[in-house]
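Note that the chains take the letters A, B and C in the order they are written out, and that residue 1 is the start of every chain.
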Amino acid sequence: MIPAAFEYARASSVEEAAKLLNKYGEDAKVLAGGHSLIPLMRLRLAQPKALVDINGIKGLDHIKAEGSKLHIGALTRHVTIQNSAVVKDKLPILAEVAGEIGDNQVRNMGTIGGVVAHADAAGDYPTIALMLDAEIVTNQRTIAAKDFFKDLFTTPLAADEIVIEVVFPVANGPHKYIKFRRRLFDWAIVGAAAQKMNGGWRIGLTNVGPTPVRATAVEEALHKGAKPEEAAQHASDGLNPSGDLRASPEYKKHLARVLTKRAIEQAK
Amino acid sequence: MAVTTMVGAKIHRREDPKLITGHGSYVDDMQLTGMVHMAVVRSAQAHAKIVSVDLTAASKAPGVVAVYTARDFKKVISGGLPVTESLIADKKQTPNQFPIAESEAVYFGEPIAVVLAESRYQAADCAELVQVEYESLPVLVDFEKALEKGSPTAHTGAPDNVAWDVNFNGGDLEAAFKESEVTVKERIIQQRVFPISMEPRAVLANYVPFGNQLTVWTSSQVPHFIRLFLCIGLGMPESQIRVVAPDVGGGFGSKLRPYPEEYLAAAASKLSGRPVKWIEGRTENLQATSHGRGHIFDIEVGAKRDGTLLALKITMLSDLGAYIGVFGALQSSLAMLLSPGCYKWKAVHGRAIGVLTNKMSTDPYRGAGRPEAAHLVERAVDLVAQELKLDPADVRAKNFAEDFPFTSILGMVYDSGEYQKSLDKAKEIVGYKALRQKQADLRKQGKYLGIGLSTYVEICGVGPSAATAHVSGSLALVESSVVRVHPTGSVTVAVGTHSHGQGHATTFAQIAADALGLPYANIEIREGDTGDTPFGYGSYGSRSLPVGGVSINRSCQKVVDKAKKIAAHMLEAADEDVVFDQGQFYVKGSPDKRKAMGEVAFAAYGPGLPEGMEQGLEAVTYFDPPNFTWPFGAHICVVEVDPETGEVDIQKYVAVDDCGNIINPMIVDGQIHGGVAQGIGQALFEEAVHDPETGALRTGTLLDYSIPGIGEIPNLQLDRTITPSPTNELGVKGVGEAGTIAASAAVINAIVDALSPFGIKHVDMPASPDRLWKQIKQAREHSNGGKEARK
Amino acid sequence: MKHKVATTVNGHKHEHEVEPRLLLVHYLRDVVGLTGTHIGCDTSQCGSCTILVDGKAVKSCTMFAVQAEGRQLTTIEGMAKDGELHPLQQAFWDEHGLQCGYCTPGFIMAAAYLLDQNPNPTEDEIRKGLEGNLCRCTGYVNIVKSVQSAAKAMDGAKAKTSERSAAVGRS
């Protein structure tokens, strides 16, 4: 299928991109990896009037460890994160998550900034960002992950606001992300992440609601000394996932518990 | 000389060099001067009155060439799409399908208007501008409800939704149930699926008014059918229509019928005077290309305590969609006729009811009725085994048909078989006994291993005209071939089949090379172009080899017969004294004096032939097989089910198939691989889901509809037995669908076997984690929290 | 408004004015005239349209032609060199890794990228590496074999490393 016509502009700097977005207004979209946007455009479910291509902006694909922080440029492709020695050293769970997104072709194009800005409930990075208290840095401000993923496909980004980088804390203790899906390249039906950090656990869930979820009840139970199996029973506390063709709400809640247990047990 | 050892050899495919270098020629690869692009405006409602179609904006769109609706097409197309009776002669109603809707749309995606534009991008834009005003009508999605008294109808004004209601009975059912010591009942769902050939459909039609010539390139399995039906629909003689199915990116049954778009593109070319190209998008493909399966089976099985099968009662409801598929009834009839499987029964009674709904038609999909039959009877046998706590392999052994030709309880004559042999071989390869022990051990650890058997028999070689003509609307499903040996000994073989992955250019050349005693490299296979092949019935139903291949062999024999006469003349011997061996003719007893086929070919076009003989060396055959062929085999699938998540892990898959004699083992294995993968796809992943209210597809793209990828199909272990078919001189049976026919039952039987400790007796497809988890949970609640299961 | 796009496809330079919405796959097929790259879906699942962009496997249906400005593109037509098949092409032929052939160019290109990244993949790595490509004919069994066989052949021809890099578009 064929996308509707649009105007196209290449930005060579963040400032230029912002200017272009300002010019085109609400109907403009940022084009990064394009792997969420272009299929929607081909189905004509998205018909932006203009695309601002930010792929040519230099210096947005950095991976830098600074002190206790890991800075990842918005245009960093999944494949780069997956293979990065720095990420593997400082935040190995993120490299593993990157390696589980889509397929080789998708990972060669898709960017972390694109996934974060798209705010799909089935996105994997948002879960990690949320549970680790990452920060999303834009051309205008810095937004805490907990304030960023507001609703399905909904973020506080203004029309001319562009994600510049995502800043994670360094965490290289035991960790595990389990992405439960039918086929290797599918989106998560449910995902569960466990990361040991600062002596405690961080637990995150993917695709169990309109936004990523941090399972604080599980974290607290673990903190109080509960066994993984007991603590994981709280993974579905307060969840109200919507059902879809792949899973009923009840099954998603069940998976949240089972996968959380397994993620904690398998973390290393 | 190696010339007589081609049959049975692993010959690399000669069709591959172009395909692996990007030089294939699929329809969308072609461009014609002046070509315009067609886009189809489709119904956005599953059932609605079409109040108006406003073309104003579309007619002014950039690049637009024409916009047509049913009114325009009525000037050039008459009648409707064909519907074969397919063994169901006494239909209750067959709604006529004109290729484009005029006043009422009856399925989501039905064509309502057609736009032509200079580019495919402009055509897509233009199609969006056509404004259709609908008045919604009741939508029938649930086909069981559609049978209820007082149900709305799929077509306004129809008496009800019953397309057919027929019985297939053999034996005394009442007596057989009376004799039974156990009976089991089950409902088995065959979900609707999408065939999904990787190349969606595509048509390029070029009507040239001067000389009244129409050429249609179409991604089809049946170019001659398409020509025949276009000729009827457009009122043009065959001699003015040429249909070419060039490289075709898979079909799996979904391209064995004429489609509305073939009529519409051809008619649009006639109306506009321009070549018209239509390329189906995948989303469109899911809406507008025929769907497969779509049935509910209610079965009741009677058996003796020792496992002897006695009685099988089947009620089959089929979700036909709004229009009966061109071969839609075939699925019902084959499912019924093959339902006894490879077993001896005292009685099998089936009632098949075809139900009209507001959906796309169902039509054959790889196996067409046989996967359904195999699934139900293989499940039935396992249900009996489970009920009686017998090993399912033993129950099968007890009931296998043994003496061939074997007449099934429904009167079908199975040509040859050795069912126990293939099962034994499969058991040996998989290590059946050890696996059963392992299963018992693992159960103690709370792990659920399952072993699933599927010992299928199927029907190929469609078909003997005596059996098919009265049910196919007088089509004798024979196959044609022309073998022409040229003066220098090169050969053109033209055949009425079509290859879309099967490798006919290779295997048919192997047959001809052996039969003619000429080098393989000399043989050229022509198919797919009605302009240079004889009228033929195309490729489906695993028929190309047992009908088309045998036809080629016969044409070759005729050529050899004539060549022998010429050779005898050259050798100054009597015809009957001349021997033909490995491409050489010689007089019995004196093999030194010989004439090669090549020499004879040259002589055949020269002077000095036997008296009264004309020049030339060629022959035509229309092969009408005396019977169908009956491939069979045993598949064993080993799974482990995670009881916590319901995930299924296929640990092993063994397939022992018997398709009679083998022309090219590499290609046979490839067919089994692909077939099994599609069976696994249906068993675990695939289901076409419609919104129960609106009838719109919820699985509308490949994002929502999951066909298995490379991570989901395990390595398959193949082996074979060879039981030649007595039906034809090549001893071949056909193999295109066998894998699919066997696989879904093997997988589901394995899953049920794994979960039997929970008391689970049946699992429907697709066996998704969600579905299995729910079933395990319910079973645990019923059986004391799963303690039962861990005993 | 049309945009100028200059690309190098299989070593040949091309320059065209295109609409921004023109998908790269349509640019290759309809504008450049290389029809070996196929389209099998609308939603980036099937991988039939896989090509190499600067040596990386990409689904050309999920990229606009304007994004290919200045890039080196390799399509299936660029794999055979001087009349000699690329080892992957040879292996797909030898191992019966294709039937209808429609998905094959995409698989070969995805496999070329895979072997460039990992010259000796395990079976699991092959499956993981080709998860973005769908085939409906082969059940993937012989596709896995083809890639294994090509890896072996290419390993044997390690002396010609530079040639191989050129073939996957990294000249």
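Note that in this section contacts are C-beta pairs under 8 Å (C-beta built on N, C-alpha and C of every residue); 3 or more make two chains touch, one makes a residue touch a chain.
Values in this document were obtained by computation on a predicted structure and should not be read as measured data.
Participant: By mean C-alpha coordinates, which chain is most distant from subunit B?
Facilitator: If we average the C-alpha coordinates per chain, A ends up farthest from subunit B.
Participant: Once every inter-chain C-beta contact is counted, which two chains account for the most?
Facilitator: Counting C-beta pairs in contact for each chain pair, the top pair is B-C.
Participant: How big is the gap, in whole Å, between where the Cα atoms of subunit A centre and where those of subunit C centre?
Facilitator: 29
Participant: I'd like to verify one number: the distance from the centre of subunit A to the centre of subunit B, where each centre is the average of its C-alpha atoms, in whole angstrom.
Facilitator: 43
Participant: So the centre of each chain is just the mean of its C-alpha atoms; given that, what is the distance between subunit B and subunit C in Å?
Facilitator: 30
Participant: Identify all positions of subunit A at which a residue touches two or more other chains, and write them in rising order.
Facilitator: In subunit A, residues 1-2, 4-5, 39, 43, 183-185 touch at least two other chains, as defined above.
Participant: Indicate the residues of subunit B shared as contacts by at least two other chains.
Facilitator: Within subunit B, residues 120-121, 281-283, 701, 703, 709-711 contact more than one other chain.
Participant: Could you check subunit C for residues that touch two or more other chains and list them?
Facilitator: In subunit C, the residues touching two or more other chains are 19, 21, 42-43, 45, 127-128, 130-131, 133.
Participant: Looking at the complex, which residues from subunit A come into contact with subunit B?
Facilitator: 1-2, 4-5, 39, 43-44, 180, 182-186, 189, 245-248, 251, 254-255, 258
Participant: Which positions of subunit B touch subunit A when the two form their complex?
Facilitator: On the subunit B side, the touching residues are 120-121, 124-125, 128, 281-284, 644-645, 685, 689, 698-699, 701, 703-704, 706, 708-712, 768-770, 773-774.
Participant: What residues on subunit C touch subunit B, complex-wise?
Facilitator: Against subunit B, the touching part of subunit C is residues 19, 21-22, 26, 29-30, 34-43, 45-46, 48, 75-77, 79-80, 85, 89, 92-94, 96, 98-105, 108, 123, 126-128, 130-131, 133-144.
Participant: Can you tell me which positions in subunit B touch subunit C when the two form their complex?
Facilitator: Those residues of subunit B that touch subunit C are 12-13, 15-17, 19-24, 26, 28-29, 120-121, 196-200, 247-250, 252, 281-283, 500-503, 666-667, 669-670, 673-678, 701-703, 707, 709-711, 713, 715-716, 739.
Participant: Taking the touch rule as given, give the residues of subunit A at its contact with subunit C in the complex, in rising order.
Facilitator: 1-8, 10, 31, 34-35, 38-39, 41-43, 51, 53, 55, 79, 102-106, 108-109, 183-185
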